[in-house]
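Please read through the structure below; I'll follow up with questions.
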Amino acid sequence: MAALFRGSRNLFQRCNKHVDFIAVSCRSMASKTPVGFVGLGNMGTPMARNLLKHGYPVIATDVFPESCKELQDLGAQILDSPAEVADKADRIITMLPSSPNVIEVYTGPTGILKKVKKGTLLIDSSTIDPSVSKEMAVAAEKMGAVFMDAPVSGGVGAASLAKLTFMVGGLEEEFNAAQELLTCMGANVVYCGQVGTGQAAKICNNMLLAIGMIGTAETMNLGIRLGLDPKLLAKILNMSSGRCWSSDTYNPVPGVMEGVPSANNYQGGFGTTLMAKDLGLAQNTATNTRTPVPLGSLAHQIYRVMCARGYANKDFSSVFQFLREEEGQ
Amino acid sequence: MAALFRGSRNLFQRCNKHVDFIAVSCRSMASKTPVGFVGLGNMGTPMARNLLKHGYPVIATDVFPESCKELQDLGAQILDSPAEVADKADRIITMLPSSPNVIEVYTGPTGILKKVKKGTLLIDSSTIDPSVSKEMAVAAEKMGAVFMDAPVSGGVGAASLAKLTFMVGGLEEEFNAAQELLTCMGANVVYCGQVGTGQAAKICNNMLLAIGMIGTAETMNLGIRLGLDPKLLAKILNMSSGRCWSSDTYNPVPGVMEGVPSANNYQGGFGTTLMAKDLGLAQNTATNTRTPVPLGSLAHQIYRVMCARGYANKDFSSVFQFLREEEGQ
Amino acid sequence: MAALFRGSRNLFQRCNKHVDFIAVSCRSMASKTPVGFVGLGNMGTPMARNLLKHGYPVIATDVFPESCKELQDLGAQILDSPAEVADKADRIITMLPSSPNVIEVYTGPTGILKKVKKGTLLIDSSTIDPSVSKEMAVAAEKMGAVFMDAPVSGGVGAASLAKLTFMVGGLEEEFNAAQELLTCMGANVVYCGQVGTGQAAKICNNMLLAIGMIGTAETMNLGIRLGLDPKLLAKILNMSSGRCWSSDTYNPVPGVMEGVPSANNYQGGFGTTLMAKDLGLAQNTATNTRTPVPLGSLAHQIYRVMCARGYANKDFSSVFQFLREEEGQ
Amino acid sequence: MAALFRGSRNLFQRCNKHVDFIAVSCRSMASKTPVGFVGLGNMGTPMARNLLKHGYPVIATDVFPESCKELQDLGAQILDSPAEVADKADRIITMLPSSPNVIEVYTGPTGILKKVKKGTLLIDSSTIDPSVSKEMAVAAEKMGAVFMDAPVSGGVGAASLAKLTFMVGGLEEEFNAAQELLTCMGANVVYCGQVGTGQAAKICNNMLLAIGMIGTAETMNLGIRLGLDPKLLAKILNMSSGRCWSSDTYNPVPGVMEGVPSANNYQGGFGTTLMAKDLGLAQNTATNTRTPVPLGSLAHQIYRVMCARGYANKDFSSVFQFLREEEGQ
């Protein structure tokens, strides 16, 4: 039945109509039918909280029962497994640490796909290998469900303030349905293309971010050694072709900008470990597609060494500090 | 007014320097006294032309007599050597290909310093090693002259349109005098600090530019391989933390932007050879100051290999093409 | 004797495994019982040929029927699928291009594990991700079979001459049984440790090989540019701490040594594509174990770019040529 | 007169005669005429000591008078400046830390060339930029003297035991004369070609050494992470194509070999700072000759970062330790 509804809804959408009444009755009649949420970690909890704020009943689960406490107190229903969530909700968001977790949550013995209902919309906001996203989409499709990847940019702060950016991959005709939920949790929701392209966009952005950050750090360090005032150098770069987000918005040199991790001993922000993880994904993806990424590859290695040298939990802009200390000090 | 200002400034200098009143009155009596110009290449010729346009008599020279033809036709006086120019002008601009040329033009047997007058303002717009700039400044000071480094960003087009950016290093109290001339040839004139910091700023900017360009090229290539539309990917990067000048102003992927070298088979723009030269300067400078620049160093190597593989005369954004071609094609 | 040894060993295994006496007596009764062989490509065919030479009946298969022709003419029995081979032979060797092929041949619908007999010895000589080897070992163990990884070093020539080196991972008590077969096809058979360590050893060796080769190429190139005679430089390196296999046995500079690919326009030898593949494995493995491998990573990128620039089918020592050509030529 | 002698001597040598009587009477009649020595540091002192042991009177100087004490006690004559040494000796050896020191000692106000006698043989064992060696040779030739570069490999221990290797650049017909002295201080004396090629050979060797060492360190680390025993892995590499001096003679992994710095907490050996210095020379040289050296360049950056992270005074094989420590420890 749901399948039928889905079919006709998509038909409507393909005619450029924005609402499909029948599908809506099934999955979003009131847009306030329950939403499933799997993964209540540092990111998942504030995201689910924002769904509650927007009036969506939330049915959630996490492998660590203690992670569910806060949501439960806020009124969410907590179940024992992803399968049970799938049994109760026809829109489910997952937010998990890495590819193996996603595989387990979707295809494991108590995974979503064990009890998923036809027509269910599955949105995975984890940052994982795009090829795993594709596999999950194929597996979901076999069960009559729809899988989209929607990784985020922005950290815990942005998640709390509903200011995340979602990069969404999947069937274009499902994008509106996904957007309805994602806008409760983020400020930007960007459609990127077929399944996996959300991940691709995220990975690409973060690879270029890492390159820009290390590049800014070594450039600022070189300039300082050559006698330039760091604030002046940042100003010159930012009015010239050296300009990048890391130089004009998130400068890694203490004293150049306020309100950024470099102004606070590199606390907060986006941890070196997380950047190393994303660069590892970029690297695997590049290797598998035989794409040369020389700077991305070296950036990965640098963040990997930093993890080994005690920078794992500092903001990734601490690469300035990593490169900075001098001989004999 | 500027002249007066200069006068009183030099008065201060006289406290512990050899500059005397006559030199001062000579260099700044009228702002339209002749300006010397050494180096009439692709950049120097349009720069000198703009001085003529602003009413400055120009006294010029170049090792290649044929390079002087155009300026001569426009009314410049052509002399045989830098020394002769120094004998006639108390403000001299030099625009030369590399450090050895600068050393020769200033300290060689027929160089400027052989006949430089006390109080002469020497402005070198060549892009060279900052340590050479410092040496020239010391040598000039011994003769009672003032040396400033003022390398440019912007190519032949910007030189013709007087839209160059000058990054100026030297005594702060001489900056106004330099600015008076440089504004005839450029849109921005930025004071960077002591002698050599103009070069430092230029080198730093171009190193970060190269890193950003290669990073953008490999990121765009990876995204395309992963199924993203290049225009969409550029848009996503540019609204995110991957944003940089190479992604939003000079995108290296054909079809993403108009009016950039990538839209014109990488013709025009800033040649790979020139970028490799600037990265070589950055490398030497970093080595000599023991500054780690891992990405800058790899960027240098990549442009060096590109020069060896036939990309020497293409715009430096052709690194996208260099990385792009696929196996088996 | 070996049979006895194997028998008693398996007896121990029976303590908590399903291997029974009959399987054991079956696999080792006579060393000349049939050997299965899956994958009759450039490497597999000469390897299987050497088994025949040593008097082993061979039961083989390949996805491309035409690849089986030569072996069939030599007396091998050709079957339709790995499953059928597994039904007939209790010692099977597989030699396949990459991880997905191995997964398919072992666990696919007509794969070996569909009909594998208890106690069967499975030896995979493909070069693949060690984690896939481990997965195959687990899957084989569930069926009562034993899986070992035994990738080779040495190319088609070494395969023909039975001069390969096998690096073997798996249960130590199975090593003798594997060695009995592998010595028919190779000159060295080295036991490396638990399952996957054969792959690990192969990958590690080839990563260091690639680093040494590129390092030798750029060092020789630099020395030549600095005025050193290449033969003399090679001699100096080889008597000093710069010595490595690539400098003393497989020098990449034409004219330095005879009988190596550099003496023959980089034909033959070990192709750049194959090196890039192995470096990709090293990269993935390093990323997954969070191991920093900066030079290995850059070596991978260089071979990846070479594949994109037309060097895919040349010997991997052609990196000298890749780095060599000069600007303006 | 000496000039004449030199001329005729070379004439004789060119006729393959081994002794030129007249020149000998000037410079080496008795091979035991005094030898000048400039630079009595950690290396210079034991080198000069070995000259004394072989019966050569030594006339020495150093900028630090206290450095001269030991040699003086052993019977050397200590003078105040290189110029004075040049006034007394017609064979002079210099052993200095870097290019600027060499320039000062040869061409400074109290430098050798101020009082050098015609026909004097000048041997510089410092490790410096080959282009500086060439400059010194030109300057020496103008004074009628002969300059050769003869950098060493081997550290303080080898210097004490007279087991250094000398790589010699300069006129071939002067090589015998140089060799006579150098064999008192070293075990190998290798003629490399024209002036500067001794430096070139040294720089090339050390660049490849650094690449091999880092490559070995990351390979061993990866192998260990993948479950290989380090001794076994070293053995496998050393019998395969991964073999290099750093894997078979100076393995960086503690426990693999005895008698190397890795067995002694990376004390002794060849310090990271010194390796960084030599790689900096290689880098400058490569940049100036437009030679791509991607791995050499990255090796330089890694040793540079190590210096910044507290490894400056450890043996350069400590790169294993630098890469090794794990996240969270």
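Per-chain numbering from 1; labels A, B, C and D assigned in written order.
Just so we're on the same page, a residue touches a chain if its C-beta (ideal position, glycine included) is under 8 Å from a C-beta of that chain, and two chains touch if they have at least 3 such contacts.
Since the structure is predicted, the reported quantities are computational estimates derived from the model, not experimental observations.
Chemist: What chains, if any, are shared contacts of chain B and chain C?
Modeler: Both-contact set = A, D.
Chemist: Which one of the chains is farthest from chain D, going by Cα centres?
Modeler: A
Chemist: Looking only at C-beta pairs in contact, point me to the busier pair out of A-C and C-D.
Modeler: C-D
Chemist: So what's the Cα centroid distance for chain C and chain D, whole Å?
Modeler: For chain C versus chain D, the centre distance works out to 42 Å.
Chemist: Go ahead and note the Å separation of the Cα centroids belonging to chain A and chain C.
Modeler: Distance between chain centres: 39 Å.
Chemist: Give the residues of chain D that touch two or more other chains, as numbers and ranges in rising order.
Modeler: Correct list: 290-294, 298, 302, 305, 307-308, 323, 326-327.
Chemist: Help me check something: in the complex, which residues belonging to chain C touch chain B?
Modeler: Touching chain B from chain C are residues 273, 298, 305, 307-309, 312, 322-328.
Chemist: Which of the residues in chain B come into contact with chain A in the complex?
Modeler: So the residues of chain B touching chain A come out as 130, 153, 165, 167, 188, 190, 192-194, 196-197, 200-201, 203-209, 211-212, 214-216, 218-223, 225-229, 232-233, 236-237, 239-247, 249-250, 282, 285-286, 289-296, 298-299, 302, 323, 326-327.
Chemist: For chain B, which residues are in contact with chain D within the complex?
Modeler: So the residues of chain B touching chain D come out as 276, 280, 283-284, 287-288, 290-294, 297-298, 300-302, 304-305, 307-308.
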